[in-house]
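The following pair of complexes shares a single chain, subunit A, combined with subunit B in the former and subunit C in the latter.
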Partner chain A sequence: MNPPFPDPGLGLPGPATMPEPGPGVAAAPRVEVAGLRAFYGDVEALAGVDLEVPANAVTALIGASGSGKTTLLRCINRLHEEVPRARLEGRVTVDGIDVYGPAIELPAVRRVVGMVFQRPTPFPSMSVYDNVAVGLRLAGARGPAVRETVVAALEVVGLWDELGHRLGVPAVSLSGGQQQRLCIARALAPDPAVILMDEPCSALDPIATLRIERLIGELTANHTIVLVTHNMQQAARVADTIVFMMDGRVIEHSPALELFTRPRDVRTERYVTGNFG
Partner chain B sequence: MAQGIRQEFRDELHQLEAQAMGGLDLVVTQLDRALEAMKYQDVELAGMVIMDDDRIDGRYLEVNQGVLGLLARQAPVATDLRVVAALLHIIRCVERMGDQCVNMAKLVPLSGFEAPKDKVILDHIEKMGICARQQVGFAREAFQSRHVELAQDLVRQDAEINRLNRAIFQRAVAVGDDPEVREWAMFMVLVARCLERVGDNTVDIAEQTVFVVTGLFREFTHNEG
Partner chain C sequence: MPDTELHPLGRFAPPPGMRRRRWLDRGFTAGATAAALLAVAVLALVIASVLINGAPALSWRFLTHNPHTSAFGVNTGGIANAIVGSAILIALASGMAVPAGILVGVFSTQFAGSRTARSIRFALDVLNGVPTIVTGVFVFGVLVIGGRQSGWAGAVALAIVELPIVGRSAEEVLTLVPERLREAGLALGLRRWRIIVSIILPTAVGGLLTGAVLAVARVAGETAPLIFTTSFAGPGLSVNPGGSLANLPVTIFDLSESPSPTSHAQAWAAALVLILGVLILSLIARVLHDRSVAALRR
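What follows is the complex of A and B.
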């Protein structure tokens, strides 16, 4: 079990082969990508990516627009396949389990690999409480376990102290920063082992951004984070390792400090110093 | 992404580097004048050296504040970050070398207008001065051209200054019974110490050169020379 979340009692009939966070299971799996090629129609967005994402750490993906960062992220939780004419080749595993394996069902993948998007995407017609609870209910959870999980998730993202007395207000009435933290709470509720974040702070002010960054650091105690960001200072602040991508390939994967002080590849050097031709 | 997208930053960084290198030129001028004042017992010239240290201190402040501004506004990374960090270190060395010139200049009136002199010590001081001056020039050239071998060779050159420093000390100990000569020799030991410190600062700059090029900081040892 990944504390502090109580067991939501999902009772999903998901494939037994998908790693379920629970007693005796590693706190957070490592994601491995091997020979991954992704296409949008005839356009190759990923041209053979090999990557190992360390457990309980923040891995930031950086690179110019169109370098394949978001596509890679969307391949990890199988969002890529929902784009018309999109396809992929290669292998993505979470704790050694192929998320594209024939026995693996999509809901099980999404439960283990959560996602937070660029802009806050709360369900506009739902309250704060229901936004966090909806995923649990869809997964079959009922009773006190739902409330316990919602409260725990809101506490982790720092919203319980701010909104605990008015969980019934519409989610859209919150500030942008609160909405994004609400979305993170929603992603946390099913207790995913991996959380994918696609520029989660790009629409936020500096204070809200710092809160999210601090939260990201705290989440690594129980989760593995993959973060796409265009903000290199943010990558330097929050990431343990950084992956520089270009033209659908991983150019360099290094510890954050090393990449920003002594990059190994001249293309990384050019990109991070803004001297890219 | 277009080439030179951070052109303004790059211009500022080049400007800061030029200012720091210009600081080394100021040190060479001060060193020349301090040594000349010492050689000819020119108290007026020594006074100018002391006064002109304000220029080096001013240069230190300019570069120091420029570096802080660059860090705050531009968040340099990779090689740029190493250059910025090195400039902060180098301008500190410049300021310290300037102080050593002032220390030498302050010794000129103390060592007497018609001081008794020992030719061996005087020759050694002159040689140390030439070495120190050359090393400042080489340190500047090595950093500006990012020349690792030239930077590493400064350790070898600095060994000569250290040798002369020890020789002056030994000569001063054995210079004779005349109290005036011994007092003068003690002042020369202090001058030698100043020049030895200038040499050490050029080695520090050489270490920064290697750091900028390789990304690895390693303190040079005299065994490498």
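What follows is the complex of A and C.
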């Protein structure tokens, strides 16, 4: 594993993911997608996507079911290729480095690009602590550094205050909202530069949703976030820019306010006003 | 259509053929209930007859002493060597079959494509259907002819019987582990083997153990594979699988073949020991199963 993704523990070179991001804003990488086509067998899920995801911002992907939002997300951390008979063409770069480049190892990609899923997925056989530590241990971290990072990640998601003294309880004993925040902490622990979120609040109640939305806003200080959501209010609340997708294509990519108030494409307007079809 | 206008219940008039439908319903309910009762009754009969016939000859001495043949050709000792021998045979067989079976399940659920997985499943089902006497003859031909009977040969024969049971149950349990856990592991950058060892197997451990225990319970009473492979054991206690090991099924067989009524009573008592062992194993499997299902549902 040389040049592009040099150190599996630290991710990208340069200022992207310095181990100590410091108090202020650390520059997270931009994600660029060019000519991306993705297939499941013979079905084309993405029909040529070009997209620039700005750094240190929340980019929301909206669109009807089947429009390719989740597939696009899963192409960024190369999870798409784990599906049997799935394949893709095109480029995805993180700070200019092609994540599909020949020298790139899969675990390196996934440590630079973290992911949070639709339903909370704590590992049932593990405690709260182990759930957050598992990614770190894999990256070779040992000793007190693991505990410090776990605690820091749990602090970020607000779980440290709630169960700081009970890190040994099974992860599945937490509430749904706590489980999802645990999964965010687990994704944060290996210090990814980009975080993908696939409808992270769709299984949660409004209060838990609000907590996570607030958290997403805070995370942009150090991370670039791509969020799939079906909830347009949520997109409006948390996103800096919004991408409207339809039939595997990007129809419009605009600043959040603009997309809702002055959509450039008539299809976007129809979708956001609920007048589709 | 009944004339709803004329019926006093109007649109609530009973639909046509109501009497017939009610009788059909009762008939099916009665048939299914009777079948269920029959199944339970068969088990109860088996256990009751073994209990009634076996209890008189069952004693502490019977359990803890080795066979001792009196001047009249009757065993005045016990079956301790067979109990120990059976335990050793089962432990050796499970030591081979359980890890192998779990690996088969891991391969077919985690690595194989759906066609390969189907072929493996079919192969396991066929292996499971092979009569155990054939398994016994096979092992006899491969391991015993030209050498001699041994505990190892018996354990291999039992392992062949166990393997498809463990493999199939492992496969079924492992497919229950949600796909999203595997994806979550991949998204953390974990390698496939790491996900299997650290996430999938621990999540399914209860179900895997259930399958293993059921397989053990199943082979505990297997006689045919042992008659060919480890049936000429001396009366002494042996723990060396290099030679023939006494064991419960063959002991029951031998005792029941003997002309003496005392031996028959002892055969029943040995059967009682065996059936109690299997019962206890089944209960353990049941508890493990309930726990693992509860854990997977969370």
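The definition used in the following text is that the second predicted complex is superposed on the first by the 251 of 277 C-alpha atoms of A that agree within 3 Å, B and C clash if a C-alpha of one lies under 4 Å from a C-alpha of the other, contacts with A are read in each partner's own complex, and residues count from 1 in each chain.
One rule holds for everything that comes next: a contact is a pair of C-beta atoms (placed from the backbone, for glycine too) under 8 Å apart; a residue touches a chain by one contact, two chains touch by 3 or more.
Everything numeric here is computed off the predicted structure, so don't read it as measured data.
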Inset, instruction - Please work out whether A:Y129 is in contact with subunit B alone, subunit C alone, both, or neither, and reply first, second, both or neither. - result: neither
Inset, instruction - Considering only touches as defined above, state whether A:F244 meets subunit B (first), subunit C (second), both or neither. - result: neither
Inset, instruction - Look at A:E269 in the shared chain and tell me whether it touches subunit B only, subunit C only, both, or neither; answer first, second, both or neither. - result: first
Inset, instruction - Could you look at A:Q233 and tell me whether it touches subunit B, subunit C, both or neither (first, second, both, neither)? - result: first
Inset, instruction - With the two complexes superposed on chain A, say which partner A:F260 touches: subunit B (first), subunit C (second), both, or neither. - result: first
Legend entry - Which superposed partner A:F39 touches (first subunit B, second subunit C, both, neither): neither
Legend entry - When both partners are placed on the shared chain, which of subunit B and subunit C touches more of subunit A: C
Inset, instruction - Can you check the complex and tell me which residues of subunit A touch subunit C? - result: 8, 77, 79, 82, 84, 106-111, 114-115, 117, 119, 121, 123-126, 134-135, 138-139, 172-173, 183, 186-187, 190
Legend entry - Touching residues (chain side subunit C, partner subunit A) in the complex: 113-114, 178, 180-181, 183-191, 194, 198-199, 202-203, 205, 295-296, 298
Inset, instruction - Write out the stretch or stretches of subunit B touching subunit A in their complex. - result: 1, 3-6, 9-10, 75-82, 215-216
Legend entry - subunit B partner contacts - residues on subunit A that touch it in the complex: 64, 232-233, 236, 260-263, 268-269, 271-277
